[in-house]
């Protein structure tokens, strides 16, 4: 999380995008959840997904982390270092390779309740990435320090507030040093006064140059941090653009409606 | 109430428990748990043949009397040329029995761990197996202690059937004394008392374990 | 307790040579059937009439004797599966058993007796039994006797339960071995029960061996004959029953 | 395998099940559930004496062999002047037994209903009792079907012990046939088969009930 | 919910307040959660409670519904028709009388999952208030109609969205015709786009003249609907006033800090 160490793996030569998604489609039974999702994301950029409930935002994110298997489309990371065509069968090894590049922060944190804060963070580095324990713990502590949770290293998740749990969730993802950080409504199960502490951490990550895809309804955050915003509805990208433009002058009627409902709830 | 008989009978009955009932229960339970885990995993594996076999096994074990299971292993297998000594036979029969009952408990416990825990394991790069081992099972263990300790307490009493296949245990000792003294009602009640004391000890152990495993949940 | 290795060839019956080669005669018995097969003091050494007889027989055959104790439910299954070489537990000879096993010569001859509570005046003989209830162990041939006289049979596990049911007035009668009753009287003193009739035909009780063990049975019969001749059987019988019940 | 014996034995064994095992199981289970509910309520009542008694009852029932419980009621109570017929004795013993085991299941099921449901009941003006009856128990019922059906399947096989107190049922019939035919192992396996079929029927019934009760939860 | 039928019971002579709370105090073990809470509420008015997490807002609300037993203080409803002094023992009958006057809408809806929408609403009127089924159902349907859920009468709660569930929760409370409606963060477990539909219903209730106590972080709603706002912190009322004044010119430093954190999360 300090600029020197973290998004190092992500520094591919400037021209090719870090992430390239083409024609992603997914149905659950009869229900077409994603139709044809295309986007690219350059290293160090922040992409925000907004859209009504059920529009497919989570499904997009989960596809990028190999938690969901789209029916068609391609995902290419780091100029093809990991390239998946979902039209064919995807091997477990490929799925693991994809997960290796990305890490998810969940809406409900999904911390491991039986592990302490420090163990939650070091589980991936030590068990999966086989890094030395001392090494992994030192780095984890540095990250926890940065988000103000160093003194909670031996606490169990149930002893933390929601905002603290979510900060641990973020540190757990960052500690894996992925090329891509995925956030699925990371503040929406938090008490309103705790939202700020998590958004602050996320903003700092963005400023440090991490590449991020964020699903959120925090329009203020999106305006300040996002490089591009995609508005999804019914499984398609209805509109895309820089946040300043999209939030103030949406070209599509549906986007306008949605933003209105968020900004003026009643 | 013949108190003299009560007191002279106590040690033989307790000894029967210590050399028969307890070791038999512990060995069978330990092996049974391993079987149960494998069967539970087979059932949730998603591999149709495997889960079919597991389902059939559980159905047979739970659907038929333990007495018959003992008979089949000890008295019927020899007709297929498989002659197994009493103790191993008993351990096999009771382990298979525990395996069937505990499999369902473990399966339910695994399924009770929120799906988000699997996904959290996956997102930090763990394979299915690693997630199961390091994330899911430790959490499932906590949920399964109370029902498993039920299974264990039942097992302790069920081992009395082992006397049918030549294993000496607590209840067999009681029967011997009852046959000699003709005081079967009193002696059986005495045996029940000993079982009860054993089960109280087990319950205490259960609470200890539960407390230990509960340290990471809110109260 | 070691399982007998003789069992592997059990299906074809046992020969004397096989038993002598293994050096031991494995005997299946209940251990809870007083005074034939029981533990001294309840948890002491296995003893009883059948135990002493079969031990003497084994001595004649020149082999050690090993006892395996189990319940009636399992005792014949044990013989059939080769867990034991022989059953010594007052097995009465009947047609089914003769068809299923090789039976030795009898070593106990005892009449069946009809037992009722002291207060019972309605049942004076087997002929009165019809319509009354009788507590019987499923595994003895007295069950058939009771059924034959028209009794409603209640199945019990053994003598102790039958006696208890009679005392509590929950059954009207029981048919059993005279010897069992006499032993019961000897230990209990006043039992509150009485014998009202005796069967004409005594029950003949013998050792059961796996089907086809004619060779071994012959040797056992020979041993029994010798024990009878030298008075051993009579002496054992006297010590348990005060009379010779071996023939 | 003596198939002729198998076929002639089948009906007597099944009949034993139909006139003994099944009615005994059903009657005992029904009464046992009522006992279990009362015991469970006593345990969560917060009244110390009541919950102490309930706890003791459960401990004794689960800690001692069922066989002894049967013997105490049938053979020992008469010494206190209480002479109960075989069938009632069996029903009492098995009901008390089910009561002890099922009480824990029901207690856990009641505790598993979220606290918010109690509060929602209270906020619409319901008393504790009304909330329990109309809100909590219907939801607890759903959770307790699988473990209770386990208890029931165990009971079906346990009723074979009733033969020890003069009740004729499935296993007793099998023992009779075995004693006469000397085909112990085969006949016992046949009895096991019948038990197994019964238990399959029960499992099917269980799934039906579960489906019905599950209609109001997401899948 | 139509003005004619509903807050009828609430129409006590104008002068005495409907609700009078004095010196409410409550500790959990050593932890003093409420210290000395005083307020009054006139018939037809809306009171909003705001304050940081753990400040005691829920505890106040639950005390008014008899779900929590304060250690001291008095609550008087309708000029003493129900009067409770928590310093002494409170009988079950008194607690039921208090519940009779008030009804709660919960953050997590707490609908009865085994009952249909209609049954959820009529359970109280029929079982508790012994009203005729036909009558209760007719009124329930009228209320469901008003919140746009008449067609869901036979649905089970799990078949509804969060916003729909919460609207049923409100109707369930209103159908009891209580004098006082209590809302505990009724929109905070809802997706942002669904918040509006619930707030709209609440606003209509306020306009119809229902007396309401609302815990919420929706400041826009509070400004528009509340007659008075209480800011709680550490179990005491730090500041109170009309929303226009309190939100724009708070006099207390703590109030200012709290509002800042809500309005400008990072």
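For reference, chains read A, B, C, D and E in written order, and residue numbers begin at 1 within each chain.
Just so we're on the same page, contacts are C-beta pairs under 8 Å (C-beta built on N, C-alpha and C of every residue); 3 or more make two chains touch, one makes a residue touch a chain.
In UniProt terms, the chains line up like this: A, E = Glutamine ABC transporter ATP-binding protein; B, D = Amino acid ABC transporter permease.
Just so it is clear, the model here is predicted, and its values are computed rather than measured.
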**Q.** Steps needed, at fewest, to go from chain B to chain E via touching chains
**A.** 2
Q | Topological distance between chain B and chain D, in contact steps | A | 1
Q) Using C-alpha centroids, which chain lies at the maximum separation from chain E? A) C
**Q.** Cα-centroid distance, chain A relative to chain B, in whole angstrom
**A.** 46
Q. Using mean CA coordinates as chain centres, what's the chain A-chain D distance in Å?
A. 52
Q. Between chain B and chain C, what's the gap in Å when you average each chain's C-alpha atoms?
A. 36
Q.
Taking the mean of the C-alpha atoms as each chain's centre, how many Å separate chain C from chain E?
A. 83
Q: List, in ascending order, every residue of chain C touching at least 2 other chains.
A: 73-74, 77, 80-81, 161, 164
Q) Out of chain B, which residues touch more than one other chain, so two or more? A) 71, 75-76, 79, 184-185
Q: Mind listing each pair of touching chains for me?
A: A-B, A-E, B-C, B-D, C-D, D-E
Q. Considering the complex alone, what residue numbers of chain D touch chain B?
A. 59-60, 62-69, 71-72, 75-76, 79, 101, 104, 108, 146-147, 150, 153, 157, 160, 171, 184-185, 188-189, 191-193, 195-196, 198-200, 203
Q.
Which residues of chain A touch chain E once you look at their complex with the stated criterion?
A. 52-53, 161, 188, 191-197, 199-200, 203, 217-218, 220-221, 258, 261-262, 264-266
Q: Note which residues of chain B are touching chain A in the complex, please.
A: 114, 116-117, 119-120, 122-127, 130, 134-135, 138-139, 142, 215-218
Q.
Which residues of chain B touch chain C once you look at their complex with the stated criterion?
A. 8-9, 12, 71, 74-76, 78-79, 81, 83-86, 163-166, 168, 172-173, 175-182, 184-185
Q) For chain E, which residues count as touching chain D in their complex? A) 65-67, 92, 96, 99-100, 102-104, 106, 108, 110-115, 123-124, 127-129, 156-159, 172-173, 176
